[in-house]
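Note that the chains take the letters A, B, C and D in the order they are written out, and that residue 1 is the start of every chain.
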């Protein structure tokens, strides 16, 4: 199982794959972004400049510090919402990768009272509580919904707390992990869980994974992250979309 | 961000891309059409001759005036429903591009009391009211549902009013913009909003964007229309469907 | 607009395209079949030998009479359910093409009290009544659900009556037309109508097309069948699945 | 119609196709597995080493006995959940092939009181009862949901009983058959049935196949398994994913 890559170059390579996998698996579209903590200095993270994730190559990756300041020899810009990443990395030393998406099945759960819960073992990491970020509490009634400064980033990181996933009302969500394969796995299976949970709720009362089941299944899955990661890479190759 | 193109030739080029993008993103199928106001004379618009949007090339584009009269050296015909375009361009000097589609997720909202509202920031342009055009009010009980003359076109433009989008009962909808990328963006994200809103309504009461959030998010999105536009073009290239 | 082809050869060519279009547009899968009345003798129809529709070539087409007897120099067999076709051609001299499918969105409407009705102008041909064939009435409680003899075929043709479409409980449906493009158009848009109608019913009370609207829209659409037919052919070419 | 293959080599070839078909038809993703009883010794079955099903080639297939012990010259490992297969083969001498999947539409039926029943003739094999495996009854409240030992495998085989399909709560399901084409057919059409049944239940009370219809249709379908099998292979070839 791949964990934090050894070198910055390896991290950048994995980040490019992560961008393209998330598009190919329908978690990202023209928007959203994924980052990885710089393996050579923990106070920075690597993220693409402000382009559509499907188009990211290694040359598009730049460094950003935990204040959201870009460090790039070519003076390029990254995404306005880089504070999602910077503040989560600051608040969560355990987190080495962050995905922010507009993953479609998450939206309905972010705008209703329905709470996301683990409907099967693949999404056991969700545990018994997935928090929902309400930007009105920190940003007021008339934001443009974007986490465009450090204060909003901190509020999102507070909502996320120790969880692997948080939804964002009227916007999407974040998934974090100790590696890019884990954060990507969580982003993909959160989307899948939301879709299946909505279907199940239409059929009747739902029996979710127990806390014990969630914990045990997550430990097992964490040992198997390489299998889907290789498959998702293979699908990109087949689709002619490999970096 | 691209605004109204400089020359007629550039507008035609963008119009061909718009046709193919809207098919590739599942807004148009064998029917529906998109137009752009002629940048060289505001009393005409450019639209394809009457063929399936997926097949449109620059050679298929012709000019039409605001009375719906085609001006074409080859004397070709365009779509019967050109009055959707002519009357919206007449009523709305601010509009430089119009999409008419049978976008599938819009149909259920056009035939029920459920009103389309912005469920996330990407579709914030919807604002608090999306009107529904009822052709029976101006055309009577037994039309063929088509906006096939200037009077029906005017009635549709009246229903649209100052809004970016109107639904058409039992038919589809229109999306307008100050440029083709903006009208296309609105058409694609209106479809997405309808699909997600229906899912959310099945889960419980829905918290929509506030008026303040809608306004602010729309202003932000308007500054970012080029990113998805480039992505949608790239997807066409990948699919071997570029013009 | 193409009507009944001139020669048997042209009819066979169109039949091969129809088979592949219906697979490509998700109406047929490994099962289901489409036929055309032999333009050179009205008491026979042309249909593929018993193979998956996606694989049909001109060499696979054979003739069958209205008793369901195959006339083929190579003595090949066709589908067990050829009686769907033979009895509809016998009962309906106006019908020149028949599609039988397991089109997925039809199944829920065939097994519940919900009745299929035209939700938009593209499926206006459905009119105010789409009958449902209940095989138990003529075949008893323990059939294998297949229309495997002339008596069951007659019962299905009786249920169809003068309508363009009938559903078959727990099985699928049939769509008929005065040409292959019309029967294919009806099969594809019946599937689309069922999918959209189910979504609309979940939102609230549905306003369907009035009888007058259905009639007028159908007349208009009948004059435009060539446009989607050419598009569906083009999609097959793009997908590398043209005959 | 293909039944149990003659030689081990032929069985391995069919197993590789089965793996790839099940991925291509959206029954398997990065996880899940399919096996076939060794035609040369009934106390062993053939299954891939522990890799994603889409990637399986003949060289990846190894033998496993009914205690779950792998017999492989290269000493490779297979899936942790091989006990699903070993215990079903032990309990059911009639079973020659087993599919275990996380087939998405099954999940909602496994976690609610809604019971899967045959909604159309293609899935008639479901009969009047599809059991649901509750791992808590034999494994307790805190398993990782996996059938990772012989005791859990036996409990699953007990739940399956004489049925063709069993669901697994919060996990997926199993489908068995007298051949790989039959087990694959059942896995694919169980997924289809679940999707359509959920849609039908949203429309109203559902009329399922009667016991007599289920039995008769299954007998008919069992004589036609080769047609979809050839089609599914053809789709793999078209997609460039043939072994």
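Note that a residue touches a chain if its C-beta (ideal position, glycine included) is under 8 Å from a C-beta of that chain, and two chains touch if they have at least 3 such contacts.
Everything quoted here is computed from the prediction, not taken from an experiment.
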**Asked** chain A and chain B are the same sequence; what rotation (0 to 180°, nearest 5) superposes their CA atoms?
**Response** 90
**Prompt:** When the C-alpha atoms of chain C and chain D are each averaged to a single point, how far apart are the two points in Å?
**Reply:** 33
**Message:** So the centre of each chain is just the mean of its C-alpha atoms; given that, what is the distance between chain A and chain C in Å?
**Reply:** 46
**Message:** Touching at least two other chains at once: which residues of chain A meet that condition?
**Reply:** 202
**Request:** Name the shape of the chain contact graph, picking from line, ring, star, complete and other.
**Result:** ring
**Fill in**
Every chain pair meeting the touch definition is listed as A-B, A-D, B-C, C-D
**Asked** Which part of chain C faces chain B closely enough to touch in the complex?
**Response** 118-122, 124, 192, 195-196, 199-200, 202-210, 212-213, 215-217, 219-220, 227-228, 230-232, 234-235, 238
**Prompt:** How about chain B: which of its residues touch chain C in the complex?
**Reply:** 29-31, 50-52, 54-55, 102, 104-105, 107-114, 136, 141-146, 169-172, 198, 201-202, 240-241
